[in-house]
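Scrolling down, you'll hit the structures one after another.
In the two complexes below, chain A is the common chain; its partner is chain B in one and chain C in the other.
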Partner chain A sequence: MKTFLERVNVLFSYIIKRFLSMLLVIFIVITVTFFLMHLIPGGPFSSERALPESVMQNITERYHLNDPIHVQYFDYLGNIVKGDLGPSFKYEDRTVNQIIEESFFVSVKLGVLSIFISLIISIPLGIISALLKGGWADRLIMMLSTVVISAPNFILASLLIYLFSLKLGLLPAAMFEGFEYMILPAFSLAGFSTAFILRLVRTELIEVLQEEYILTAKAKGLSMPMIIYRHCLKNIMIPVISYLAPQIAAIFTGSFVIETMFSIPGLGRHFVTSVYNRDYTVILGLTIFYSAILLLLNFISDLICAYLDPRIALDSNEET
Partner chain B sequence: MLKKIKKNKIAFISFLTIILIILLAVFVPVITPYSYFEQELSMANSPPSFSHIFGTDNLGRDLFTRVLYGARISLAIGFFAAFLNLIVGVLYGGISGYFGGNIDNVMMRIVDIFYSIPLILYVVLLMVVLKPGLVNIFIALSIVYWLRMARIVRNQVMSLKNKEYVLAAKMLKASHFRIITKHILPNCFGPILVTATLAIPEAIFTEAFLSFVGLGVTAPMASWGVLAVDGLNSLRSYPYQLLFPSLFICITMFSFNFLSDYLRDVFDPKMK
Partner chain C sequence: MALLEVRNLSVTFDFLEGKVQAVRDVNFEIEKGEILGIVGESGCGKSVMAKSIMRLICDDYCNLAGNILFNDVDLLTMSEEHLQKIRGNFISMAFQNPLSSLNPVLTIGLQVAEPFLIHTDMSRKDAFLKAQEMISKVGISDPETRLLQYPHQISGGMRQRVAIAMALALEPQILIADEVTTALDVTVQAQIIELLKKLNKELSSSIMFITHDLALLTNICHRVIVMYAGQIVESASVDELYNDPKHPYTKSLLQSIPRIDKKKKSLTSIPGSVIDLRDLPDGCAFFARCSFRKDVCKTSPELQQIGAKRFCRCHCL
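Our next item is the complex of A and B:
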C-alpha cells in the first residue's frame, strides 16, 4: 500500500509528463502545418487577376513574404507564443484572432448543446440496451445506432431540415438568432456521438454486470436501478469520458459541414470558407487553434480518468 | 468463410449488397443508355419516371446513370484507400512491432503525434496543397489513413513475436523477412481484415466531406459526395436529387459497417 504522499507524487509526475507531451505535439503540429502551407506553389496572392508589380511588391513587403522561409517560421512561432495567429490574406484588415474571437463561442454553444443531447440520449438507451441484451428493444436500438453511425452528418442534417422545417414547418432551417435555431444543427451534430457513446455504454455495462460484486449486490436484495446507480455508473463513466475528447473532435469536424449548411457564423463555417478562398493564413491559424483545443481537452479528460481510476497514472509511470 | 457468413443474415445481406453495387458500377454502360456527362436541358429537373428512373439533375443528366458512375469513383476511392492503407500500415506497424525497442518507440511516437489531431484536418490541408482531383484524393487519403492500421498491426505483432513458434523459426535461422511474412502476419489476418473493411466506408465518407468543402473530384465526373452536395442545393424544390445519392452512400456504409462488425465478432469473440 502506498502512502498518500507517494500517490500524489505519482499523479503529479503523470500530469507533468502528459503536459510536456502535449506541448511537444502542438509544436510539431505548428511546424508541419506551417511548412505544408508554404509548399503551395505561387504565393497566397497569385490569383487569376494579375496584380500590378508595385502592388505585389507592397504586399510581399507587408507580410514579410520575401524573408527566407526559416525567418518567417521563427517569426510565426514567436507570434504564436505571444498569442497572435497573424492576418487574413483575403480579408484586408481582419486577423485570425478576430475571426476566432467572433465565432468561437457560437461553435462552443452549439458543441456543448450537442454533447449534452448525445449524453442525455445515449446513456439511458445504452443502459436499457445492455439490460435487455438480445431482446427486441436491444436489437432495435443497436440497429438504429448503426444506421446513425453510417449516415454522413450532412445527410442526417438534410433529413432533419426536410422533415422539421420544410414539411412540418416547426423549426427554422438556417441562420442563428435564438435557441430554436440551434435545435436542428445540434441534433445533426449529436447523431454520431450519440450512437457511438451508446454502443460504448452497452459494451461496458454488459461486461460490468458479469462481475461478482454485482451478484453480491443482487444477493443483498438491491434493486436493479440502485445497482446500476451505485455499482456500475462509475465504471461506465471512465470509457465515456476518455472517449469524450475524440467525440468532441468529431463534433468539431462535423461542425464544418453542419455550420455551413445551417449558415451558422461559427468557427467551422469560417474554416470551410477559408478553404474555399484558399486563405492560407486563416487555414493555418484555425488548424493550429483546433489542434490546441483538442489536445487540451484530451489532456483534461486524461486527468479526469486518472482521478477516477488511479491505476491509469500508475501504469503509465511503470511503463517507461 | 462464405459458409459462415451465410449463417448470419444481416452480414450475408450486406455482403450481397456490396457485390450488387460493385456489379452495377462495373456494368453501367450496359445497363443504361445515357452517359454521365450528356446534357439534355429540355429534360432538366424532371422527377423520376420510366425513362429516367431516378429523374434528372438541373442540367438534364440522367441521375441513375450519374449515381452508378459515381459508385465507380466512390468505390474506387474506398478500395484504393483501403489497399494503400493496408500496404503502408502493415509495413510500418510490422517493422515497428517486430524490432521493438527504440525503433518502435520513435515510430509509434510519430504515429501518436499525428493521431492526436483529427485526421480529416490533415486530409483537408493536403488537398488544399495538392488541388482537387481524383488522383490527389488517393494521395491525400493514403498519406493520412494508414495510421490506425499501423497501430493495430504493431500491437498484434508485439504480442505474437514472443510466441514459441516464432522462437523456433528464429532458431532455424529464418530471415526477418520470412518470419514477418510467413509466421507473424498470417496470424494478424483477422484484425487487419476488420480494419481494412472499416477503412473503405471511412474513405467514402471522407470523400463526401471533401466534396462538401469543394475539394472533391472535378466536373463532369461526380462521386456520390459531389452528387449529394449538388442535391443539397436543390433540397427545397427537388428533394429526390439528394435522396438517391444519399441512399446509395448510406446503404454502402451500412453494408461495410455490418460486415466489419460481423468479421470482428468472428475473429475476436471477446469484443461482442
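Our next item is the complex of A and C:
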C-alpha cells in the first residue's frame, strides 16, 4: 500500500511526463503544418484581381515572405513561444490571437451548453433504455438515436428553426445576443453526441449489469436504483468521458455549419474561411490551438478515468 | 419448524433451443445453527439452487416453481421490496469467485460497509467502523489500510474473506457459501473453513456450504445433500454418508477422493461425463454411468426415506 505522499509523487511525475510529451506533439504539429502550408501552390495574396508588382513587393517584404523558409520557420517558433501567433494575412489590422480571443469564447459558451444538454438527456435515457432492453421504449429510443446519429446536424438545426422559430415563434433563429439565442444552436450541436452517448451508456450498462458483482449487490439487499447509482455509474462514465474529450475539443473550436446557419460569430467559420483565403498564419494558429485543446482534454479525461477506475495505473511501474 | 424449508423447488431456463432443467423438484430444510453441505459435480445446479433461494435469478426466461419458506414465509411469492429487507440482512450469500463478485471500482471499506448503510440507520462513519471490525474479525491484518484498498490490490484469500465479511456483516440467520474455497489453495481453504465454523458457533447462524469437493465436507458440515443433474440423490448426516453411502453416485464420489484409512491403490474418477440438463433421459439420471444399473432403472426412481433423516433416490436399495 502506497502512502499518501508516494501517491502524490506518482501523480506529480505523471503530470510532468504528460506535459513534456504534449509539448513534443505540439512541436511536431507546428512543424508539419508549417511546411505543408508552404507546399500548397499559390500564396495568400494571389487573388483573381492581380496586384501591381510594387504592392506585392511591399506586402511580401512586410510579412518576411522573402526570407529563406527555415528563417521564417524559426521566426514563427520564436513568436509562438512568446504566445504570438502572428498577424492575419487577409485582415490587415488583426492578429490571429485577436481572432481566437473574439470567437473562441462564443464557441465555448455554446459548447458548454450543448455538452450539458447532451449529458442531461443521454445518461438517463441510456439507463432507461438498458433497463427496458428489448421493450417498446428501448426500441423507440434506439430508433430515434439512429436517426439523429445518421442525419447531418444541419437537418436537426433546420427542423428546430422551422418548428421553434418559424412555426411557434418561441425562440430566435439567428444572431448571438443572449441566452435565448443559444438554445436552438446548442440543441442542434448536442444532437449527435446525445445520441452517441446514449448508446454508449446503454451498451455499457447492459454489460455491467451482467457482472457478478451486481448479483453480490443484489444479494446484499440493494434496490435497483441504488445498484445503478453505486455499482454502475462509475463504470458507465469511463467510456463516456473518453468519448467526450475529443468531442468537447471539436465543439469548443466551433462548428462551421451551425455557426453559419445561426449567424454565430464563433471560431468554427474561421477554420473554413482561413483555408479559403489561404491565410497561412490563421490556418497554422487555429491548427495549433485546436491540437493544444485536444491534447489538454485528453489528458484531463485520462486523469478522470484513472480516478474512476483504480485499476488504471498512472505510473507504468505501479503494481496492478 | 425448520428455519428454511425448500419445498418442490424447480428451476427451468426457457431458451428458444429448449429447456434447461437446472433444479428438479428439490426438497430439504435447514435447522437453526446447522451447517448443511451441498455437493455435486460442476453443472449439477448447485449455484442455481442457491441463487434461487434468494430469488437472485429472475430473468424472464427463468421459471421458479415450488415454495421456499423462511420462518414460514414464502420467499418466492414475496414482493421485491420485502425481499430486499431480507437479502443481506437475514439471509446472505458469498459467491463462488471473489474477484468477479467484488466491485473493482469501489473500495473494500465501502463494499463491506454497504450492508450497514442500507439495512441500518447507522451514519457513514459508524458503518465504516463496523466494516473495519468485520474485516479484522475474518482474520485480515491491518484492517484500517484494507478499508481504503481496492479488490485488485489484495490477495485471493483476502478477497474471499472480504466476501465473507460482507455476507456476515449483519449476522444473518443463514449464510449461503457457494464454493467459497474452490479458488483457494489448501492452507487458505483450511483457514476459511475454520473461520466459518467459528462464526457458526459464535453467531449460531446456519450455513449452506456448497462445494464439489466431498472431502471438504467432513470438516465442516453436520448434514450433506448430494445432488446429481438438478436432483437430490442422497441426503444423510456426514457420518452416515461417509461410512455407509447408499447411492451409487455417492459411492463413486467417495471413491474418487483419496482416503488415508482405506488402502486404495489408485484414484478412480467417475466414468462418463456430467449429464446434459437440456436432454434428460426418462429413467434414472445416473443410468448411463452407474455400475449397478438394472432394467428397472429405466423408470425414474423416487426419493425414498431410508432412515430417520436419510433419503436416497435409487431402485437398488
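The working rule: the second predicted complex is superposed on the first by the 287 of 320 C-alpha atoms of A that agree within 3 Å, B and C clash if a C-alpha of one lies under 4 Å from a C-alpha of the other, contacts with A are read in each partner's own complex, and residues count from 1 in each chain.
By definition in this document, a contact is a pair of C-beta atoms (placed from the backbone, for glycine too) under 8 Å apart; a residue touches a chain by one contact, two chains touch by 3 or more.
Note that this is a predicted model, so its numbers are computed, not measured.
Student: Using the superposition on chain A, decide if chain B and chain C clash or fit.
Tutor: Aligned on chain A, chain C fits beside chain B.
Student: Have a look at where A:Tyr290 lands relative to chain B and chain C in the superposition and call it first, second, both or neither.
Tutor: A:Tyr290 contacts chain B only, not chain C.
Student: Touching A:Asn277 in the superposition: chain B (first), chain C (second), both, neither?
Tutor: In the superposition, A:Asn277 contacts neither chain B nor chain C.
Student: In the superposed model, which partner reaches more residues of chain A, chain B or chain C?
Tutor: Of chain B and chain C, B contacts more residues of chain A.
Student: May I ask you to decide whether A:Arg311 touches chain B, chain C, both, or neither, giving the answer as first, second, both or neither?
Tutor: second
Student: Which holds for A:Leu215: it touches chain B only (first), chain C only (second), both, or neither?
Tutor: It touches chain C, and chain B stays clear.
Student: Applying the document's definition of touch, where does A:Met261 land relative to chain B and chain C: first, second, both, or neither?
Tutor: It touches chain B, and chain C stays clear.
Student: Once the shared chain is lined up, is A:Arg230 touching chain B (first), chain C (second), both, or neither of them?
Tutor: It touches chain C, and chain B stays clear.
Student: Given the touch rule stated above, what does A:Thr60 touch, chain B (first), chain C (second), both, or neither?
Tutor: neither
Student: Check the residue A:Ser150 against both partner chains and state whether it touches chain B (first), chain C (second), both, or neither.
Tutor: Touch partner of A:Ser150: chain B, not chain C.
Student: On the combined arrangement from the superposition, state the nearest Cα-Cα distance between chain B and chain C in Å.
Tutor: Checking C-alpha atoms only, chain B sits 16 Å from chain C at its nearest point.
Student: Report, in rising order, the residues of chain A that make contact with chain B in one complex and with chain C in the other.
Tutor: On chain A, no residue contacts both chain B in one structure and chain C in the other.
Student: In the complex of these two chains, what residues of chain B are touching chain A?
Tutor: Residue list for chain B touching chain A: 113, 116-118, 120-121, 124-126, 128-129, 201, 205, 208-209, 212-215, 228-229, 232, 235-236, 239, 242, 246, 249-250, 253-254, 257-258, 261, 271.
Student: Which part of chain A faces chain B closely enough to touch in the complex?
Tutor: Where chain A meets chain B, its residues are 24-25, 28-29, 33, 36-37, 39-40, 146-147, 149-152, 154-155, 158, 161-162, 166, 203, 249-250, 252-253, 256-257, 260-261, 272, 275-276, 278, 280, 283, 287, 290-291, 294-295, 298.
Student: For chain C, which residues count as touching chain A in their complex?
Tutor: Spelled out, the residues of chain C in touch with chain A are 51, 54, 56, 81, 84-89, 92-93, 95, 97, 100-106, 114-115, 118-119, 145, 148-150, 152-153, 163, 166-167.
Student: For the complex, which residues does chain A have touching chain C?
Tutor: Touching chain C: residues 1, 211-213, 215-223, 226, 230-231, 234-235, 308-311, 319-320 of chain A.
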